[in-house]
Amino acid sequence: MIFKDFDPLKGKMLQILDQNGKLVQPKLEPTIDKDILLKMYHTMVLGRVSDDKAIQYQRQGRMLTYAPNHGQEAAQVGSIAAMKDDDWLVLAFRELNAMLYKGVTLEQSYLYWYGNEMGSKYDEGVRVLPINVPIGSQINHAAGLAYAAKLQKKDEAAIVYIGDGGTSHGEFHEGVNFSGLFDLPVVIVIQNNQYAISTPRRKATKAKTLAQKAIAYGIPGIQVDGNDPLAMYLATSVARERAGKGEGPTLIEAVTYRMGPHTTSDNPKLYRSDEEVEEWKLKDPLIRFKAYLIEKGYLTEEEDEQLYKDAKENVKQTFQKVETSGDVPLEDIFRYTYDEMTPNLNEQLDEYKAYLEKAGA
Amino acid sequence: MATKTLLEAVNEALDQSMEQDQSVVVYGEDVGFEGGVFRTTAGLQEKYGEGRVFDSPIAEAAIVGSAVGMAINGLKPVVEMQFSGFSLPAYNQIVTHVARFRNRSRGKYHLPLVIRMPYGGGVKALEHHSESLETLYAHIPGLKLVIPSTPYDAKGLLISAIKDPDPVIFMEPKRIYRAFKQEVPEEMYEVPIGKARIVKPGKDLTIIAWGALVREVEKAMKNTPDIDAEIIDLRTISPIDMDTIVESVKKTGRVLIVHEAYKTFGPGAELVSIVNEKAFVYLEAPPKRLAGFDVTIPLPRGEQYFIISPEQIAFEAKQLMAFKA
Amino acid sequence: MIFKDFDPLKGKMLQILDQNGKLVQPKLEPTIDKDILLKMYHTMVLGRVSDDKAIQYQRQGRMLTYAPNHGQEAAQVGSIAAMKDDDWLVLAFRELNAMLYKGVTLEQSYLYWYGNEMGSKYDEGVRVLPINVPIGSQINHAAGLAYAAKLQKKDEAAIVYIGDGGTSHGEFHEGVNFSGLFDLPVVIVIQNNQYAISTPRRKATKAKTLAQKAIAYGIPGIQVDGNDPLAMYLATSVARERAGKGEGPTLIEAVTYRMGPHTTSDNPKLYRSDEEVEEWKLKDPLIRFKAYLIEKGYLTEEEDEQLYKDAKENVKQTFQKVETSGDVPLEDIFRYTYDEMTPNLNEQLDEYKAYLEKAGA
Amino acid sequence: MATKTLLEAVNEALDQSMEQDQSVVVYGEDVGFEGGVFRTTAGLQEKYGEGRVFDSPIAEAAIVGSAVGMAINGLKPVVEMQFSGFSLPAYNQIVTHVARFRNRSRGKYHLPLVIRMPYGGGVKALEHHSESLETLYAHIPGLKLVIPSTPYDAKGLLISAIKDPDPVIFMEPKRIYRAFKQEVPEEMYEVPIGKARIVKPGKDLTIIAWGALVREVEKAMKNTPDIDAEIIDLRTISPIDMDTIVESVKKTGRVLIVHEAYKTFGPGAELVSIVNEKAFVYLEAPPKRLAGFDVTIPLPRGEQYFIISPEQIAFEAKQLMAFKA
């Protein structure tokens, strides 16, 4: 139904909450438990605070590269919240908020960006694949997780994120097509944050929307206001339902904006105007979500202030821990290549240790 | 005990593994309904259903990429690249994911999967159907690379590969898919990965080969009775069984490496290096590589120059024996 | 216009000549010079005869693998004939008819399938790229040719063929998207011959048509009766016109059928029924084209018989030449690796020659 | 004469080549408007327009595949892979087409194109941003592989690569993009492809390196005055300048090869083999490889173990000198 009403070929985009937090499609307002709504908001606040702080730490030379999420919180939290506990989360690399919601700890995330592989060893039972740097390649992983679930008759689905730039990659095509072909329980969320590093969305493809790419695979696609957590939730719920019924994958284009730089090595002033950024500031997902929660009576200004305060304290303590976590042990860089160390690895480790010893290093 | 071709042995290993372990799935281009262009997967779909044995679209990255996801979620995918020359579109998945998931997640995830691919020349094929790309896989940490040279080993090594907790690239020498039969036990058995096989002990010269070329070496040396060569079938290209090689070379002092892969920066170079690093003082002659030329493997009307013959092997063996420092 | 009238999403397919050679869309009948029409037909006859003979030679063990075109003549000749002389032809591997039309000689084609690289050294001025085995990768070559033409303001376009199975490949996506993005003069013809080796079209993608994949790239796509040379000609003319005006690429899905095996190593009885094959026999492109030409007064039965006779003689003589052409000279397998032979190549060639000499081989 | 960084030298080579030859086009991800993530292409789009310098979609196979078409139709594309770790999705195009078009068409078509890619570790980067994948390109017939180690060579080699009628993979050691400046002539000049450079002559020991490691070797040997090493910067990995290496080893009898690429089946093995094949009787010690471990190059908190230090180089040089058969 929503796919007909919000046909991307007709220039339609799903929005439920406008940028001021007003319900513009009250009939489509999803019923979400208060607990869940608050978990969503709490995640977004922690996501926002830890994200901004990471940039700051990096600027102080205390952290390595970082890819900020500021502005994309609703696109992530709105979608991941509509998935089920046993579902799998497959990342690109700019999904801190989705990760936090799904049980990755802030410490792990920071540790990763601090340059330690242990940051990708999420706790047991946390069904999240590590950050995936090679653009596009993650879609096929989601397809495989979903195939296994389907074959083993487990009620699981996979949600996978990709950027607007990533949709140009061959693997996007192969992965979505594969998912469609076998009616796999996959939800594909394109975070169209308008840029791929310096390259604007219009230079990724001639297609007017990214949602319409679904037609190539015979699956439904929808464009959603990615800064509207309710719209993202609704679209993802419908997609998740389809997945559960064996109807296959759904493509969701979340229209959003990366407020910060691509990563801390990037200077967005080189390729976009301040006016553009200012305009998007008004569409901040946290503003509208907060207004909605207050309107619903689920949040007060005081509670909100406290949330930010707690988040800041949490971030500070977490970063302190990470910053003092030191280096990876030598053995670790060898140990996880195979189940068992191979002869060449043993030899290389021994030789290096012998060198350290003899060199007195 | 029945005699089987290498192709039949592969089929049997797949069949028995699927029978024994529900989590094994087999797919790739034309692998399901028709049973593969070489018929290595014949009969499997009928027996195990379309869920576990199926035709994929022509999308090698999707084949391997989906196998990554399946392996993480409880399956043991055994996928096929129709020819090794067509594994390259999946090379990004193999190098950046298959080889790395265990390390990236520090052991939270690992990938028990097998990527099978027919490889090698000598079958008068079209372009991209004759490649020997061992180096591309052997050089990548996190992968294992296994190549059988006999029906017996094919079955045992493939069963081992499927049981292995790490990803295994399994190259099948298509030239000898049907070339000869060998007694192959009916029951399941394993041939260990990482162990070379001494095809024939000898004291004069060590000859190292794998895949279809092992037979060529055997033929060559059968006709060269004056040289008592120790013939080693490497079987696992990565990780290499250094001990077997080094021990042999310490005994013989001379080594000939025979492979069809391109010579330069090819697999033979690693063997030369190992021998240098571990048996230098035993060397009585420079280790010799008899390998594929550094050219695109020719189409059939020129392939005969590229393919290594028993005569060439014997010739090089004699040259090596004649070397005096 | 034709893109609206024949919208693949509405289940429309362009057909002008029906299977009996009747004009079912007389208003759309393209005006094609008699010369061109006859060149088209002659090519198809030679294509048909040489194709069938190749299979026969192969069965006799006198030729290597061969990938037959029987049944797909109109899809190829109808499209290539609508391109201009300076345009580029970019092949997959099952385009004998397009090659012949464009100036590749039958001898070259046979030589190639006989296993000699010289078969891909087409005459000077023949703007055809060699047969392209890695599925999908040729689309990007066409895009590059077209980019160069556009940048250099040359009135050239590229036509590129791919199979139904090939549309699942990542490179199909990248190539069509790249072409669309830069409005490149490219015509992409999908020869949907219903199978990719043993795998039927429905197992390539969930999309109902392959033409609709165009939507993913914001370019027009149309499904055409691929056994109708006039429909193929019309669609390609429109596409070529768009290309010339800088309007970018067009995707044409030619619905056709591979009457023979995938290659001579394939046994189609394993995966398709005789009935299906019989049905498609009635749709033979040569039957309807001949009827059309006779109706137009451009061809008589006697001329037609003569055409087949000539073609058979031509094929016989050509194959004789190829069959006695012998092996490639040793030097040739080295000489074309680089512009100049490198030290390692010289050394390897010398070493091998020395071996041949000493071995008395 | 102005002093320039390696990065500036690359930029100047591109600029002057574009100025001189209308057919040169430059593109890749973020290469146009912003001038590249490292700024190697800064200013070019402004100067030469969007037609000749542009941003491509994130689609490496399309970048390389389209370059094939352009090269056939009169252009000289110089494309960028944003990092060598992201060249893998284009690997199929590179191996099956870039390397083969001349041979496939028996000379009718050839591909004057360059594929540039920053490579190597030591910059505290994320995963896939630190790879040294020389072997994957050096092993493929039909490709040339060039790696500069100084600003002077970077400019001259890149100009040569652009003029070369064959496809050239041009790896740029990003660790030293801005590490130091060197006098670089304003005018265009060529440094020949296929010729190694003797950085410092010596008689005790031959040390072979390339890219960022040349400097590390220099540092190491500056602090080891008791060893008179001949330091060779390979510069072209394929085709290798065998003569320079062999001549040196004939003189010194000892050779140390230093590279960051994975050791096993890595580039050093070929050098060991060449030395064996052509200077066996001159060897006084087993050729030694000091190379990257066979592990995924670690993230920054473990990278220090992987990166080869001048101390290690000096240590190995001393070990080699101490070897007695």
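Things to note:
Labels A, B, C and D are assigned to the chains in the order they are written; within every chain, residues are numbered from 1.
Just so we're on the same page, contacts are C-beta pairs under 8 Å (C-beta built on N, C-alpha and C of every residue); 3 or more make two chains touch, one makes a residue touch a chain.
Computed from a predicted model, the values in this text were never measured in an experiment.
Interface repeat of C-D: among B-C, A-D or A-B, over half of the contact pairs recur, by residue number, only in A-B. Averaging Cα atoms per chain gives one point for each, and the point farthest from that of chain B is the centre of A. One simple way to say how far apart two chains are is to compare their mean CA positions; for chain A and chain B this gives 40 Å.
If each chain is reduced to the centroid of its CA atoms, chain A and chain D end up 36 Å from each other. Annotation for chain D: residues touching 2 or more other chains are 57, 59, 61-62, 85, 88-89, 92, 96, 103-104, 127-128, 141-142, 240, 264, 293-296.
Residues of chain A in contact with at least two other chains: 117, 133-134, 168-171, 174, 177, 181, 203-205, 332, 337, 342, 344-345.
Per the touch definition, chain A reaches chain B in the complex via residues 88, 90, 117-118, 120-122, 129-130, 133-134, 137, 139-149, 151-152, 156, 158, 170-171, 174-175, 177-178, 181, 332, 336-339, 342-345.
Contacts from chain B toward chain D in the complex involve residues 85, 88-89, 91-92, 95-96, 99-100, 103-104, 127-128, 135-136, 138-142, 238, 240, 262, 264-270, 272-273, 276-277, 280-281, 283, 285-289, 293-296, 325.
The residues of chain C lying in touch with chain A in their complex are 9, 168-174, 177, 180-181, 183, 203-208, 212-213, 215-219, 248. Across the complex, chain D is touched by residues 64-65, 112, 114-117, 131, 133-136, 165-166, 168-171, 196-199, 203-205, 265-266, 270-271, 325-328, 330, 332-334, 337, 342, 344-345, 348-349, 352, 355, 358-359, 361 of chain A.
On chain D, the positions that touch chain C within their shared complex are 25, 51-52, 56-57, 59, 61-62, 64-75, 77, 89, 92-93, 96-97, 101-110, 141-142, 144, 164-166, 194, 239-243.
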